[in-house]
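Note that the chains are named A, B, C, D, E and F in the order they appear, and that numbering of residues resets to 1 at the start of each chain.
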Amino acid sequence: MESTSFDPSLPGVRLLQDWLRQGRVLRIELNDGQCLEGSLRWQDPEFLALNRSDSDQPVLLSRRAIALIRTLG
Amino acid sequence: MESTSFDPSLPGVRLLQDWLRQGRVLRIELNDGQCLEGSLRWQDPEFLALNRSDSDQPVLLSRRAIALIRTLG
Amino acid sequence: MESTSFDPSLPGVRLLQDWLRQGRVLRIELNDGQCLEGSLRWQDPEFLALNRSDSDQPVLLSRRAIALIRTLG
Amino acid sequence: MESTSFDPSLPGVRLLQDWLRQGRVLRIELNDGQCLEGSLRWQDPEFLALNRSDSDQPVLLSRRAIALIRTLG
Amino acid sequence: MESTSFDPSLPGVRLLQDWLRQGRVLRIELNDGQCLEGSLRWQDPEFLALNRSDSDQPVLLSRRAIALIRTLG
Amino acid sequence: MESTSFDPSLPGVRLLQDWLRQGRVLRIELNDGQCLEGSLRWQDPEFLALNRSDSDQPVLLSRRAIALIRTLG
């Protein structure tokens, strides 16, 4: 991890928290072009955890690998 | 995130704020060659938020994934 | 290494420790699209160490190279 | 941005400033193989700003995306 | 370099030192898919130095470029 | 730049300085597979400066873009 400092007052962190509370489905594009869709369970300085439809365990996405985040619908 | 220190006096941050205030349409190239166009809603140390024509929610672009930023028109 | 600060209270680090204790088989996708499967032996700020079926020595995965982590089964 | 510390006494920063003052045309190769040519308007810890022939606004190149910098001519 | 702090008590650094002392041949995969094999001469926060069969000078591998490290045999 | 701290006592920095003093021709592989050859003029925390045969100005290589460094001959 690059840093454990993670400022919850930053606009990006706050917007992700809003989308989490609203249960929004996110479409996340990774640097390699791969896309994932899902709602956000939590975020920390290293990962976003997305809910999976096929498991009660989330999938961890490295923030470092993320290029774009959009809401769907 | 790599750092929450974000110096608003830096030329790059200031120029992006100018472009935001002027409502300029930006063309942003990502490291994978993908291009996005839109006006800037806000910036923070981790993301640029671009306005979308098809949603009131912005798209978040990781600063880390950005190669080039140009104004259009 | 980018940092030796590694906060064991972070949700991502804690979830990986849970998966380690449960002996879960993980499927880890790297930035280049390659996938590895195995259970976690330990984690530190630079690497995840996965158990190998063909050696008593683990394989070291750079955290920096990791895009996604999922549990299998 | 990774850091706002930017040491103007470093050889690389100084050489770029020399090239700026001399109005040298630079050829900059990005990590994805793309090349840009132009003279330097300014540098900061996150970006190099190159002059454009088709606009009074510079193009911003992320330092992170830069692989090589050469002078032309 | 991102940091000169390099904690020799970390499991990953210690395991690499063990492999060095044991003279293990390592197979190292880089982010671009390239593989190198060789025994470790030393490590520092920026590089691993691998012994070469065709030179008394080591080859330097950037830690940043490393995806996976495995022992052979 | 990620850091201006650059420890000249590190083995990698010292070995590069040895190769510089010896005028060794280096073969440097970048993350995108591109190779450059040349002798080292200087190093700083952000760049290696290689001598060019066709110019008195060096070429700047971002340390971040470097995967491997070998001596030739």
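Here, a residue touches a chain if its C-beta (ideal position, glycine included) is under 8 Å from a C-beta of that chain, and two chains touch if they have at least 3 such contacts.
Predicted, not measured: the structure shown is a model, and the values here were computed from it.
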Using the touch definition from the top, what's the fewest steps needed to get from chain C to chain F? 2
Among the remaining chains, which ones contact both chain C and chain E? none
Rounded to a multiple of 5 degrees, the Cα superposition angle from chain A to chain F is 180
In whole angstrom, how far does the Cα centroid of chain B sit from the Cα centroid of chain D? 19
Can you work out the whole-Å distance between the CA centroids of chain B and chain E? 37
Centre to centre, by mean C-alpha position, how many angstrom separate chain B and chain F? 32
Going through chain F residue by residue, note those that touch at least 2 other chains and give them in order. 2-3, 31-32, 45, 64
Among line, ring, star, complete and other, which one matches the pattern of chain touches? ring
Ring topology as an ordered chain list, initiated at chain D and continued via chain F: D, F, E, C, A, B
Sites on chain B touched by chain D in the complex: 2-3, 5-7, 10-13, 15-16, 19, 24, 31-33, 45, 63-64, 66-71
Under the definition above, what is the set of chain F residues touching chain D in their complex? 1-4, 30-32, 34, 36, 42, 44-47, 49, 52, 55, 57-62, 64-65
